[in-house]
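Since the structure comes first, as structure tokens, the remarks are kept for the end.
Letters A, B, C, D, E, F, G and H name the chains as they come in the text, with residue numbers starting at 1 for each one.
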Amino acid sequence: MSFNYDKSRENRLGFPEIIYGKAKTADELLDILSFFENQNKNALITKLQPEKYQILKTHFAGSFYDRRSGIFMLRPVKIHQSDYSVALISAGTSDMHVVNEAYYTLAFLNLQAEKITDVGVAGIHRLMDKIEYIKQFKILIVMAGFEGLLPSVVGGLLPQPVIAVPTSVGYGVAESGKTALNSMLASCANGITVTNIDNGYGAAIAAFRILNLLKK
Amino acid sequence: MSFNYDKSRENRLGFPEIIYGKAKTADELLDILSFFENQNKNALITKLQPEKYQILKTHFAGSFYDRRSGIFMLRPVKIHQSDYSVALISAGTSDMHVVNEAYYTLAFLNLQAEKITDVGVAGIHRLMDKIEYIKQFKILIVMAGFEGLLPSVVGGLLPQPVIAVPTSVGYGVAESGKTALNSMLASCANGITVTNIDNGYGAAIAAFRILNLLKK
Amino acid sequence: MSFNYDKSRENRLGFPEIIYGKAKTADELLDILSFFENQNKNALITKLQPEKYQILKTHFAGSFYDRRSGIFMLRPVKIHQSDYSVALISAGTSDMHVVNEAYYTLAFLNLQAEKITDVGVAGIHRLMDKIEYIKQFKILIVMAGFEGLLPSVVGGLLPQPVIAVPTSVGYGVAESGKTALNSMLASCANGITVTNIDNGYGAAIAAFRILNLLKK
Amino acid sequence: MSFNYDKSRENRLGFPEIIYGKAKTADELLDILSFFENQNKNALITKLQPEKYQILKTHFAGSFYDRRSGIFMLRPVKIHQSDYSVALISAGTSDMHVVNEAYYTLAFLNLQAEKITDVGVAGIHRLMDKIEYIKQFKILIVMAGFEGLLPSVVGGLLPQPVIAVPTSVGYGVAESGKTALNSMLASCANGITVTNIDNGYGAAIAAFRILNLLKK
Amino acid sequence: MSFNYDKSRENRLGFPEIIYGKAKTADELLDILSFFENQNKNALITKLQPEKYQILKTHFAGSFYDRRSGIFMLRPVKIHQSDYSVALISAGTSDMHVVNEAYYTLAFLNLQAEKITDVGVAGIHRLMDKIEYIKQFKILIVMAGFEGLLPSVVGGLLPQPVIAVPTSVGYGVAESGKTALNSMLASCANGITVTNIDNGYGAAIAAFRILNLLKK
Amino acid sequence: MSFNYDKSRENRLGFPEIIYGKAKTADELLDILSFFENQNKNALITKLQPEKYQILKTHFAGSFYDRRSGIFMLRPVKIHQSDYSVALISAGTSDMHVVNEAYYTLAFLNLQAEKITDVGVAGIHRLMDKIEYIKQFKILIVMAGFEGLLPSVVGGLLPQPVIAVPTSVGYGVAESGKTALNSMLASCANGITVTNIDNGYGAAIAAFRILNLLKK
Amino acid sequence: MSFNYDKSRENRLGFPEIIYGKAKTADELLDILSFFENQNKNALITKLQPEKYQILKTHFAGSFYDRRSGIFMLRPVKIHQSDYSVALISAGTSDMHVVNEAYYTLAFLNLQAEKITDVGVAGIHRLMDKIEYIKQFKILIVMAGFEGLLPSVVGGLLPQPVIAVPTSVGYGVAESGKTALNSMLASCANGITVTNIDNGYGAAIAAFRILNLLKK
Amino acid sequence: MSFNYDKSRENRLGFPEIIYGKAKTADELLDILSFFENQNKNALITKLQPEKYQILKTHFAGSFYDRRSGIFMLRPVKIHQSDYSVALISAGTSDMHVVNEAYYTLAFLNLQAEKITDVGVAGIHRLMDKIEYIKQFKILIVMAGFEGLLPSVVGGLLPQPVIAVPTSVGYGVAESGKTALNSMLASCANGITVTNIDNGYGAAIAAFRILNLLKK
């Protein structure tokens, strides 16, 4: 079966077709990657399992893989220096799989993001101490699991666009990330908007859509 | 059908049997109240609908009713002066039905509570300004609807027992109070404990159980 | 009980404290509005029921009320002319209560929005015919009930920020708006972000946060 | 325990009893297959796990197994040439396990289907380009995971019977396939009908029921 | 706001745009109906509440309304005689609101259906007695509330296409129709397909799509 | 920690304390079994995983284990001959884990049950053919997964007590057994009663309670 | 539409067809009752709303109606004296609508039940005081709302068949009766069986099925 | 990435920052533990998986790990003798993972708890026999899985603060612990408060907050 690439997407939206890795076989992914390789294009796969990466890397030697997030790129990651465009804010290292997914998706789109990952609300002064620093960023992507309240607090303190990303971190009623998701949605009185659970990739694209407005 | 009063409850637990009003008919409630009247005892009914109060008040002239919470008492409310035992903390007037339910239940148990109802997290400095004042109370009952994050913030800042009460205030994913409930449960890392949605009465009894420890 | 206004919110976020009307009594709202009146400020109430408006309007003669959305303003609405900043896109008149909530919230913030309410996906050519027109807007707020797929199609065709607002329109599995909500969240691969069900107000504030970036 | 075959089903419905493999042990399946073998009949097992196939194949040498879908047949697959009866439409290779289940079930019933698996709605022109080709098919079986909107778009553009099959592909709110299912059900205004999640087999039988009408 | 009619839908799909009445105001509906009236076309509104019909009928004198289903037609209903095309099968009169919605939608499309509404499975012989009669119909639309098992039994006995419509009839776990819906979906092993809860309209359109195949 | 055996349960209820195996460690189970061994009593463990049985069997040589259901007994199973007391009715071999759990629990209580496991409703004549035979049993325990309709049909045809046991067999909306459970509950109009999902053990005890009435 | 009475049900099951009143119109019910009247038979309608009873009683003068449960009978209720067959056990008057539904259904079947409605578990000694009395009954039907634990306690203390009926009494997480239902199902380790929420009628029929065994 | 320790938490709340182990990698945990080691402080990790403990123990030789609960401490456990402060009450050994989590968290906070783990409600006399003993404790933490009724019974008999902890022990409707959770919340009429599912740690902190009141 040949891959029917959405050739016009880059023109329409400014970013190319990206591949969801979790539900495709290694063979199907090899097929798709060969297409990109032949077109001499970079490619991004999200949520790729380690065992499939073991197969892919034998075919694509210079490829990049981040085990924490499952991000795969056909070409080595290059971080382009940029100032204060996107902050990736989370409470601690438990949400790192989503932070990294957003970070490397932005890198794929030639955008640099800053990780601020130690401002959990349980000790709110740590966030307060960094407010002036965070004010410099244009867009705030805020990740949280459990009860997911970090985006609400950030959105109440700062005027920028806030993209909230619930994570599946937690147990009991928090287990699947639904509690963090609903908590973020129910708090939208402040103009926070929300993505699917663990969708760091989607948050990165949403930031890209906003930053595009600033170029014009 | 005669009412089989749990005579030993007051001895066992320190508080008498209390009547859930919502699912009983006016006739059934009249029966029960007559029993208390005959015993020369005060009685507390929770979640009583206004149309049933219209019937009850014609039989029990000195009775008390708070329409916002649906609390009914056989005898007039008397607030006994007490210092800094229980604070009832909420974001604003939307949760007043639950604040009042706790307030009057505590009054029924001869305890005075203080209402602090303007410290919503969207403007967190309002809470910060009152921290020293709130530190004086022994127990903090914190109500919140929507995403329910006020108890989490309070619990991160203050060392007292925090009893979190989710309210059914909100719309969309918050409509039934489930989001506030789950958010409070998922945040229990700080040792917050939680009651049923809109259960101001239960929070008051829980506070009573704790305050009893201090008497001994 | 006096109203503890969040005085610094306008400085922090660029927009004042806004009042959720649904769960407050008319008396509580009168109290709050008097505060704003005394400060000589306009005020916005969301999701106000008609029966409470009947009481409010006797006190505040020049006030504005939109019955379809429940939006109330202390002062008459004035629409400031602006070009192509925000498009409010929906499939038809069933979602008008949310379209209007966003429209009047933007008006309160001195922003003009354009309503495009006849581009349902069941006849997708109607959307296709307007693509060039829609391309001129900076931000697209897309409302949909039932299966909620309009934001996904819009997001696949156009590069702007897309704020998706699920509505509670529908029956059966769609009844509460949860299906539209989940459908929009699950489609976030395109960088769409989502608000709570029926939260036209939140979408308007999110647009305001983005448009603020363009001023600088 | 002997197998009590539903002997009259083929007469009643036109297709024989089919075996659900997932919850039976290998021993139970061997028993059942021996019955079919002795009757000199072909047999179809759905959702058979690979480790059980390893056991079955040692007993039934000429049998067929498709690992992607878990379809097993006692006899080798033969695809009978047929024109434009059933199209199996999906967005990409992620849903291939369901596409294949429908494909091989139809083959078992002596029907040929065409796989059209690269028309995802994120790039809607790819679907538009194939509309004339798809018009030739009598029945459209449309698979989709995530938000499941492909059947809605197909049903809005084309007049044939549309059988929508939600798949369990996705993560977060899409994880179990419930969002795709509800999205397809909520869109039934267009006369789309829906099967259980991942039920490619059921969609094939539904197509068979319709095609039978055309024979008469 | 003017109504943007989907003019090509009748050409594309064979049936015109149909109006969902439940979430539109009477004024919005009057606007839409005037458009149809001016085009000299009949129009169908589904799920119209009685209080809105009171307003519509003063403007459109010859219009038709069925209170049980909420079906409204601009012109009087005419039932065209046709033989044995569609049977509407239900257990009893409790599901009549859905039976009627399908019946009048088919009438709007110039198709006659037969109502068979007394074959509940609790007395299965009543269904058995009518099997030969039901065999004559081309398509079986089967409605059921509560546990929703009628379509499963019909589908196990008869070879025609079976369109299952769950209804919201029942209480407790059946209250919203979700149990009937899931029961029908989980039974799809027999090639039954399912519509949204109470969606008699959608089932009628699905039947129309199938019957169209027979014309060619 | 020593095991605090409920010594009076056998006197109170007629059956001894039974051990839930799934959530206990092998060490905890060894402790408990030693207690029974020392008391010279037989013991029943339910839902015991195979890997824990591997440990237990090295300590209790004559013990019995059924891998399909996870039933463990300290002493070898002995089936006492009894006539037509309990029928265990299911559609096929997929539900065998629950059939066996009920079967061996009854054996532990010195009751013999008959397995009738090939009367699926998809071919309803197979059930009809056995009606006279089934009439002889005093109690009918009916297992079903997927849409769970077998108990409803049995209950409509036969007058005995019907204990319905939903099983976790199925996929998609049926996956966890919730659909079968709700379907059985919603059908209780016929006086069917229901147990937890996969609870063959509970159904056996319920039958035991009924059969006890007949002894007196 | 004429009513197709299930004539053989009384022979098959021992009780006649019973009518679910909630979802039928008054006209439909009048039709059905006329049929029974003409056959000179009594009839039972469950869950009949008061406003429909107002219409029915003008046609059937000697009929019986219990407003608390919505039970309607064509003929006056007669309670046949019987000894200790069925106890209806509940915590208090809040569940009276379900107690009465069971009571009058049993009366319709010529069985007398005893109401024991003041043994709530919050004061467990009240239940303990009545244990000897309750031991005399053959079958225990136990109703409970909120957390639904009364059946579990009764089932742990007494050896009879226990039919647990969850009620929709409660608020917050208990609102719909789902918590009581799940609590009763999860407790089935003791051989308790469960009916749908508020299904006093079904519990009565289940008791009837068991008592029939004792006649033989 | 360096660890940003919440230095003031111990001053604010009386207990230090505690580490959630489940969602962090071994490398991330090693980083955090090194920080504590360098500060010469003890540290507590909750819900640590055994495979990660295998790595940690090679770096921190004197550390403590309880496999049943996943509790890890940097320094060996020391149980400080204390009288009757906290009782940990559960029905049996199935809930031991939560009992131990509370036990070792209290030990970390220099509090001794008593485990009372054999008082299941199915044999309620075992609880009754220990009532006088349990009366001596200041705080009762009560764990339960399945239907979760033990806290309700304890709360009805005893006057102390009751902290209810639902556990994920059970199957079918009880599987995830949601049924026990809702059962405990719905029972809060007695002033019981509740934590997240399996949150023995949170219950211990809540007890610590209460016991702090007694010191002053």
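As a working rule, contacts are C-beta pairs under 8 Å (C-beta built on N, C-alpha and C of every residue); 3 or more make two chains touch, one makes a residue touch a chain.
Predicted, not measured: the structure shown is a model, and the values here were computed from it.
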Response to the item:
Note, CA centroid farthest from chain B's centroid sits on chain D
Fill in: Distance between chain centroids, defined by C-alpha means - chain C, chain G (Å)
49
Practice prompt. Give, as an integer number of Å, the spacing between the C-alpha centres of chain C and chain B.
Written response: 35
Worksheet, complete the sentence: Per the C-alpha means, the centres of chain A and chain G lie apart by a whole-Å value of 56
Worksheet, complete the sentence: Shared-interface residues of chain F (touching two or more other chains) are 20, 122-123, 156-157, 172-174, 178, 181, 185-186, 189-190, 196-197, 199
Practice prompt. Chain pairs that touch, all of them, please.
Written response: A-B, A-C, A-D, A-H, B-C, B-G, B-H, C-D, C-E, D-E, D-F, E-F, E-G, F-G, F-H, G-H
Practice prompt. Note which residues of chain C are touching chain E in the complex, please.
Written response: 68, 93-96, 115, 117-120, 122-123, 125-126, 145, 169-175
Fill in: Complex interface listing, chain E residues touching chain C
1, 3-4, 6, 8-9, 17, 20, 22-25, 28, 32, 47, 166, 168, 176-178, 181, 196-199
Worksheet item: Of all residues in chain E, which touch chain F in the complex?
Response: 121-124, 146-149, 152-153, 156-157, 170, 172-174, 178-180, 182-187, 189-190
Worksheet item: What does chain E use to touch chain D in their complex?
Response: 12-14, 18, 20, 138, 156-163, 181, 185-186, 188-197, 199, 201-210, 212-214
